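In the two assemblies presented below, chain A is common to both, partnered first by chain B and then by chain C.
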Partner chain A sequence: MLALKLAYRNLMGAKLRTWLNMIVLSMAFLVIIWNKGLLNGWDQQARRDTIDWEIGGGVYWQENYDPYDPYTIEDSHGRMSDVTLKAVEDGKLTPILIAQASIYPEGRVQSVSMRGIDPAQALLDLPANKLTGDNSSVPAMIGQRAARNFKLNVGDYVTVRWRDVNGTFDAKEMQIVHIFKTNVSTIDARVVWVPLADLQEMMQMPTETTLLVTSQEAGFQGSIPGWIFKDHYFLLTEIREMIEMKSVSGQVMFLILMSLAMLAIFDTQVLSIFRRQKEIGTHIALGMTQRQVVALFTIEGAMHAVLAAILAALYGFPLLYLQAKSGWSMPEGTDDFGMTIADIVYPSYSLGLVVGTTLIVLITTTIVSYLPARRISKMNPTDAIRGKIQ
Partner chain B sequence: MKKIIIVLAILPWLLPGQTPTGSEILQQIDDNIIAGNRTATSTMIVHGRRASRTMTAKSWIQGTDQSFTEYLAPARERGTKMLKLGDQLWMYSPQSDRTIRIAGHMLRQSMMGSDLSYEDMMEDRSLNATYSATVIGSEIIRDRDCWVLELVATVEDVNYHSRKIWVDKERMLGLKEDLFAKSGKLLKTTEIQEVFKIDDRWYPRRMIFKDQLSKGKGTEFIIDEIEFDAHIPDYIFSKAALKK
Partner chain C sequence: MNNSALITITDLVKRFPMGKREFTALSNINLTFNGGEFAGIIGPSGSGKTTLLNIIGSLDVPTEGKAVVLDNSVGNLNTRQSADLRNQYLGFIFQTYNLLAVYTVFENVELPLLLLKMAASERRKLVNQSLEWVGLTDKVNSRPAQLSGGECQRVSIARAMVKEPKIVLADEPTANLDAKNSHHILQTMEKLNADLGTTFIFATHDEKVIQYLKRKISLEDGQVVADEVKG
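Showing the complex of A and B:
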């Protein structure tokens, strides 16, 4: 207790030096918590959006389907069995047929992934019910990214050219009936959605599909011959890896900030021990052991972290709260890189994050404070009282 | 006997008012165009919406299913090579020093920015083997009397479901061609603007391809030099030749 009191008095006595250390350290605290919170928020939003818009409770892939190998798309389709069709009818599955095509907005040829979805499906947030129109053209909907890239608006007609199951060219007019907004770029960029029945007819693939998306409630529904089930862990790998990668870059920033703060504390400790030799000698002369003096200086150093945590809480709490409420606007075009990311990411802070960060900073500061203090144990007390430089 | 057979063969053409069948015309077009071995130097001018690009290439062609093309100009494309072996197409880029197989959706893309897709390059079967033709009349195209033929695919796996060809009655060469989608939509047109005679066959010298769905001004294709029955070493049609 005495050590704590002495440490506190000494720190307060150092005035500006202590405040500077506390401010730097408290900023390190905040940046770490904010950065981690932002990544947590992004992770949660991206997962939620991907599940709601694209993968539901998991997806059955036709056995030839590989989204990373465009050569497989032509062969990635299979006929749905009666059991599968019944599950589709019951709302446990929704089929998505994928075909490659070219569209000609303003006479420019553009490769697209044409995807057929049932307009009656309610399993995904994708507004498939908008896919209605007259019979003169194929009703199509695209996302905002595709609309921006292709310069298409609602009501526009665009020619689509594709090859049917035999490889013969066919072409038709498509009308853009809806433009949707989603954070999931994989269902938006260069993707054109049309009614499933239309695409099946265009491709001459009746009752065939590439994907079977399961409902969030139903999830895995046993094995389906010809299809392979992909669960959330597999389908969300990209998001997980991206967040992990971002987390590493966040840790680099954390390391730099912590190094600066620790350097300041280390310097403060070295200076204190150098300047307060007479005080150290007096403590020992009054009966304190050298280990107790080392502990006193270590506590003094470590107390920087405690005071910094209090300071960070004072000005950081309202700042972080405000950030969690208003969110962080992502730069324009970030979602064009194929990442699932919202325009505004809302940071998510957990108790574990705050406690964990506080502990890490406290332990690091204690270690950094202890290292220069070890020198005290090697001091000659009489020389220390005389203030002789050792 | 030989003379009699020849006379009987050309009799339908000599008799006024006799219209050859679509199949006969297609066969003669095929005979004219399809050759054993040939090497050719050609120029391709892509007329874009803003500017035109000119490319020169040398090709070695064997029958209908093997070809090797090396781009000679411009400097940016020099050294780019393409190899077609049956239904497979490979492309070598000197910039990356890599060979890639062009398949799937990439086949649908424009070849070197032209109005031709890689898929068009892959179309190698004879017309007579893949289409049934009906002669629907005759028209004058570029001052030449032509048969007008409507072609409908007889096999399922062809690029274009139907075609319309204007065939020079004398030279048996399609001077103009419209290519249609299954829905009947016009997809591409080809027009031969200049022809030349080499040995006994008439061959196109200057052609214009136009993708009717895009707004470009078409792609001009000019055959600068051609040699039929040329000796082509076997190694040319191998992937190893792409990196040489």
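Showing the complex of A and C:
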């Protein structure tokens, strides 16, 4: 308690030096929290969007399905049992049939993944209800990325060519009835959505599907023969790994910032111990042990972190709050890299993040303060009193 | 004067390493200081005055012999015990005042009491009393940089006296002061010695100080060559 009191007095007495250290450290605090908050926000948004738009409460994959091997698509379909169809009817499952196809926008051949979804489904945010049109062509919808790549607009007709279940090539006109905007690139880039019944008819696979997406609220439970359930942990692996990778680059920034702040603290401590030898000697003459003086100087250094945290809270909380409200605009085209990322990412700051960062900074500052302060214990008190350089 | 011995020094030798050889700073010192003395260790520079004062103040230890201060053998104390001895019973006055620049006068004088873990109200009372003794009650909120040399040394006396120690050790207290200020602070210390019975031991070669001393111990080349008590 005494050391705290004296350390506080010394810091307040040092005025400008203390303020400079506090400002540098508080900025490090804020940037670390902001950076981590941004990644957290991105992570949360990406997960939420992927769940809402693509995977619901989890997905049953037809046992042959492998999204990374297009050759498996041909065999990745199975007939839905009565139990499954009942679950679909009850809104607990929604089937998605996947087929490989080629489209010919403006005469160019483009390979696409054609996916059939029930226009009546309400399980995913995908606006499947837009898949309506006249009977002369297959109504289709695509995402903004696909529309940009294929140069297609609403109302455009495009020829689609596919191989049915018997391996026979067939072709048809499809009309783009809707272009949707989503942050989830895996359901957008090179994907064409059509009504499930139309695709089943085109493929000659009545009541067949590749995927069965479960509802988030009252999802289907139990096993479906021929399908394998993939949970959120599995389906969100890519996002998790990407965020982890981004976290590593965040850690590098964290290290650079901390090094700068710690250098300032270390420098101050070394300078203090060099310049304040008389003070150290006086403390010993007045009845402190050298160990107590080491503790006093260590606390004094560590207190920079406490004061910096208070300062950061004063000017940083409003800034971080504003940032969390208004979000951080991502550069155009970021979502074209196959990442699920919103146009505006809203940073998310948890109590754990703030407390964790504060603790890390506090512990690091204490260590950095202690290292030079150890020299005091080797000082000769009689020389220190006279300010003899040791 | 209280005739009980506060400090007993027996056959004290102090050597310092100097490269591969040793330098003998004090040799065969035998002294006794009683309560209430106003004594000075006098001698030229390098005679061992400060070294002897440091040993009495348990800031240093003898190489040989014994220095017993208030029943504590300085050479046998561990760091905690010697810190306690200084904290509770000894006051120090330094040539360069050694005030903490970032503290106010009040905070500087309060520091020894903080180390004694005294209550705030008690501290305030004792600090004010101590500042009254040295005539600095109007400077409580000033910082050392705002004070003259004489005022700084008076703050230093107040800091040494605030806990009413048994012994005050003053190392060249007037070396940085002009004659007027020197006399002023010496008169202050003389009065405190008379009023409170505190033992003052000076290390000095300043004639102004010497004329106030009631006992003069002369050191030359680390040895006591004279020990005179004023009539």
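Just so it is clear, the second predicted complex is superposed on the first by the 387 of 390 C-alpha atoms of A that agree within 3 Å, B and C clash if a C-alpha of one lies under 4 Å from a C-alpha of the other, contacts with A are read in each partner's own complex, and residues count from 1 in each chain.
The criterion applied here is as follows: a contact is a pair of C-beta atoms (placed from the backbone, for glycine too) under 8 Å apart; a residue touches a chain by one contact, two chains touch by 3 or more.
Small disclaimer: the values here were computed from a predicted structure and weren't measured.
With the C-alpha superposition on chain A as described, chain C and chain B fit side by side in the combined arrangement.
By the touch criterion defined above, A:Arg291 lies against chain C but remains apart from chain B after alignment on the C-alpha atoms of chain A.
When the two structures are aligned on the shared chain, A:Lys5 is found in touch with chain C, with no touch to chain B.
Residue contacts after overlaying the shared chain place A:Tyr233 against neither chain B nor chain C.
In the superposition on chain A, contact is made by A:Thr382 with chain C only, not with chain B. Of the two partner chains placed by superposition, only chain B is touched by A:Glu74; chain C is not. By the document's definition of touching, of the two partners only chain C reaches A:Gly13; chain B does not. Touch criterion met: A:Asn166 reaches chain B, while chain C stays clear of it. In the composite built from the two structures, the nearest CA pair linking chain B and chain C is 71 Å apart. Residue overlap on chain A between the chain B contacts of one complex and the chain C contacts of the other is empty. Interface residues of chain C, counted against chain A in their complex, comprise 50, 54, 57, 59-60, 79-80, 83-84, 86-88, 92, 94, 96, 98, 100-103, 107, 111-112, 114-117, 159. Remark: chain B residues 49, 103-106, 108-110, 153, 156-161, 181-183, 185, 187, 211, 213-216 touch chain A in the complex.
Within the complex formed with chain B, the chain A residues making contact are 70-74, 100, 102, 104, 106-109, 111, 159, 161, 163-164, 166-172.
Across the complex, chain A meets chain C through its residues 2, 5-6, 9-10, 12-14, 278-279, 281-282, 284-292, 381-382, 385-387.
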